[in-house]
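Common to both upcoming complexes is chain A, partnered first by chain B, then by chain C.
Up next is the complex of A and B:
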């Protein structure tokens, strides 16, 4: 409960033009907005575009959103989703190449266990990849925020998460078996 | 270190919690929001217009016609924004990394229009027939702020931001 009161205070301050309040909102939700754009497979440039649009929309509309100040994470996640889909739609029309998933290579040079974990995440079926990408946000998003980011019913998120982590573990164990001989 | 108690029951066991924490650390290292994105987010507050009338995006051919788009169609992108008493129609054509806008105010009227974009603010005039145009607009989020000639004392009409 404490967190939601903080967000409301930050939102009220930001709506009155207070930069510190606004910076607090960016700190709290910056990763959520970014994760949402990445969940939809936008590349870093498109993701930056969608994220910036989302924050500009909030800046313009914050004063009109008083009834949603407590749930700004939900508003931001839903807006980041909408803007991500808009960019995907615009790109599809521009290139006439439907459903070509943009590359989302992580930082080159990533090594070791983290790189392996990330590779397995990216091999998951799309619905799991999306769900995990949003869930891996810091601070962890509420179910309502995940629901808004992915347009999923909030009630089903815990079960979907359990199934996707199960799938992840299964793939990790397969991966370990495949790579085992190297260690001998 | 007790976790926040959520109102919704959570089925997360300690094993899943540990795995999620590990994956969260990987996400932080391998796909964090770039500093430039967070910097732009912090700078967004300075773009707001106090007491503006908001014009909502009502139509975007890139989205609303995407399902039926003819493959390879090269026509301009069409946008319609609507505020009480005013519609703003805009055609957007890409010219390399820049965008060319051709627009129409409905009902027709003179206005001063600030085109706000990543490259700054480009101010143009709508003529008596409500027509306006702007060249060399940077790709990225764009918003129009219209000071209407018929009502110079009333608040400006500001469109939603949209990435172009």
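Up next is the complex of A and C:
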């Protein structure tokens, strides 16, 4: 639907100092930048820092990025990844759990089905959680953008997505929570 | 099937200030009696406006507007009730002062927001969460005798209230401040948000011509004519009536009545409006407005008929009745009676939402006379309407077209979206956007349509919403719990008769339905708790064969991840210095 043309227009307007153009870019890519920082397991505070730095860098450099306007999402995703990694520090990268599974167990009172559902998400392999976190962003990012966010070859993303979703589906059925709804 | 739903309600939270001091002043028995009388007053006031007193907490009263059923004007009802409670407590205080030498000082907070409402059959217990907390916080921030209204409520009642802003405050456990308003007055006859009935009429020439011809026919006799205009909320029924009234006045006496959203004796009020207008129009009418006891049709039906026939001798008479879906049966009986017995030169025009025949099963198509179905505007007309409302300076053609597409031709939705956008954005042309938030008034209208469904209908609609705006009924049947499966198509057809759903174009498949409006589908979907949404998506993936499978699995994962603690994106990033040559430093 001509998304790249929209982005070019927004970028040109933003570079010319038009606030609406800037807001349009934030609306279009805000979730992508945020989910990239989250995919690397930054906590919400760190994630907000990394995202903010990413946008500041864009504001500084937008005027010099004319050749990149069409691929601004890729630039933003790559920058968000770099900023996330910088914040994490190389040492933590190796061990960090992507998408930082919450430290707490489900809220008191959540048991049975709830807890099982929650485990399905928590126990999905790290690379899947990371991939799905970025892939399922709204609006959906392009494979190039996902590739830039996660430093993966773009060609393998569709297959990886399908494999992760099947893994998720398999786990859902293993917990037999997909049968009939409760009570009915 | 789960029957918890996410819905928007309005909460009125009232407490008695200084009740400890009161306890020291009064004998416990006297105090108890005074409080009991206060609770009775509160319960009565809330009930009168359709609220449910959910609980008494110590001396506090919490009333909820929107359970068990939502109304499109719940926020206004809540504000009216809060205001009336204040007045009634003042009256109660005069008695208490006389009898006990004390007065109750009541503080009130009103807030509107999303709650997870429980099963109505189980006493509609509900988890209040944030919405209730903020209402309680507003109550504590209010002074004695004051009503503080939260921002979300204010947005829904802005045209009916006089308020003054108070300093925003930060509720406990929150970071963002909440705006609040001190309620000064409520206009009792105003809508929460005024309609722009002054907007130029767009389209509808066919309908106006049809009404003209009916007036010709009525004027020529031999008998009276009845026409019923059916249309969805906001599609332009009132606007059409108004346009027709302007035209018809050249050759007829026009009387118009409208049914108020709620209250007792709606029919008597409507007849009262007609009689009062007739009284201003002719001598013969003055005698009738005496006792309008609509509980006894004998006393009124014949009188109204004779009155209209008398007036019709001088010139044709047009009677316009708006919002008749809200009326009691007796008003419909009156219309039917007039249609059957009244003489020539009388045209009755009734406007109602499509739910009318469903609400009054006896009132069928025959009783409706000639039927005019008011369809949504086509996109170009809706864009013209949008441009007319805001002017081309503020609404460039591209944005007007987007607004029209978003509203899918519903003039009220156009109006509300523009109002929202114009309030939010800086003055200047409105840029094309895309993902506009649904205006709260539109959200309320859509919620009412869904809220009126039976449990089975609701289940089917929710399952359909998981499949999509357009869906094959067999997919929905496959998702439905076993006992419902075979009945799914029947339920869908019944919903189609009520125009909540439509039969989709053949290009979408042979057996496809679609939601009448995208917002109906979205609202049905969003009312499903996220956990259930996730499970339904996984089940949909099991039943579907095509590329939709990955979509459903992805959605299911997304909702579970959100429930498992994935943080939503914080408030939009701070605006950096404006880039580019025209840079202008703003703090």
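FYI, the second predicted complex is superposed on the first by the 144 of 184 C-alpha atoms of A that agree within 3 Å, B and C clash if a C-alpha of one lies under 4 Å from a C-alpha of the other, contacts with A are read in each partner's own complex, and residues count from 1 in each chain.
In this section, a residue touches a chain if its C-beta (ideal position, glycine included) is under 8 Å from a C-beta of that chain, and two chains touch if they have at least 3 such contacts.
These numbers were taken from a predicted model, which means no experiment stands behind them.
Student: Please indicate which partner A:169 is in contact with in the superposed arrangement: first for chain B, second for chain C, both, or neither.
Tutor: Once the two structures are laid over each other on A, A:169 reaches both partners.
Student: Would you sort A:52 into first (chain B), second (chain C), both or neither based on which partner it touches?
Tutor: Once the two structures are laid over each other on A, A:52 reaches both partners.
Student: Which partner does A:121 contact after superposing on A: first (chain B), second (chain C), both, neither?
Tutor: both
Student: Identify the partner contact of A:38: answer first if only chain B is touched, second if only chain C is, both if each is, neither if none is.
Tutor: In the superposition, A:38 contacts both chain B and chain C.
Student: Name the contact category of A:64: first (chain B only), second (chain C only), both, or neither.
Tutor: In the superposed model, A:64 contacts chain B only, not chain C.
Student: Would you please give the residues of chain A that touch chain B in one complex and also touch chain C in the other complex?
Tutor: In chain A, residues 14, 17, 19, 22-23, 26, 30-31, 34, 38, 44, 47-48, 51-52, 55-56, 59-60, 62, 104, 106, 114, 117-118, 121, 132-133, 135-136, 161-162, 165, 168-169 are touched by chain B and also by chain C.
Student: Can you check the complex and tell me which residues of chain A touch chain B?
Tutor: 3, 14, 17, 19, 22-23, 26, 30-31, 33-35, 38, 44, 47-53, 55-62, 64, 83, 85-87, 89-90, 92-94, 96, 104, 106-107, 110, 114-115, 117-118, 121, 132-133, 135-138, 140, 142-143, 154, 158-159, 161-162, 165, 168-169
Student: Considering the complex alone, what residue numbers of chain B touch chain A?
Tutor: So the residues of chain B in touch with chain A come to 4, 6, 8-12, 16, 19-20, 22-34, 36-38, 40-42, 44-45, 47-50, 52, 54, 60-63, 65-66, 69, 71-73, 77, 94, 140-141, 143, 158, 160-163.
Student: List the residues on chain C that touch chain A in their complex, please.
Tutor: Against chain A, the touching part of chain C is residues 1-2, 431, 433-435, 481-483, 531-532, 534-535, 538-539, 541-542, 550, 553-558, 560-561, 563-567, 569-570, 572-584.
Student: Hey, which residues of chain A end up touching chain C in the complex?
Tutor: Against chain C, the touching part of chain A is residues 14-17, 19-20, 22-24, 26-27, 30-31, 34, 38, 44, 47-48, 51-52, 55-56, 59-60, 62-63, 99, 101-102, 104, 106, 113-114, 117-118, 120-122, 129, 132-133, 135-136, 161-162, 165-166, 168-169, 172, 177-178, 180-184.
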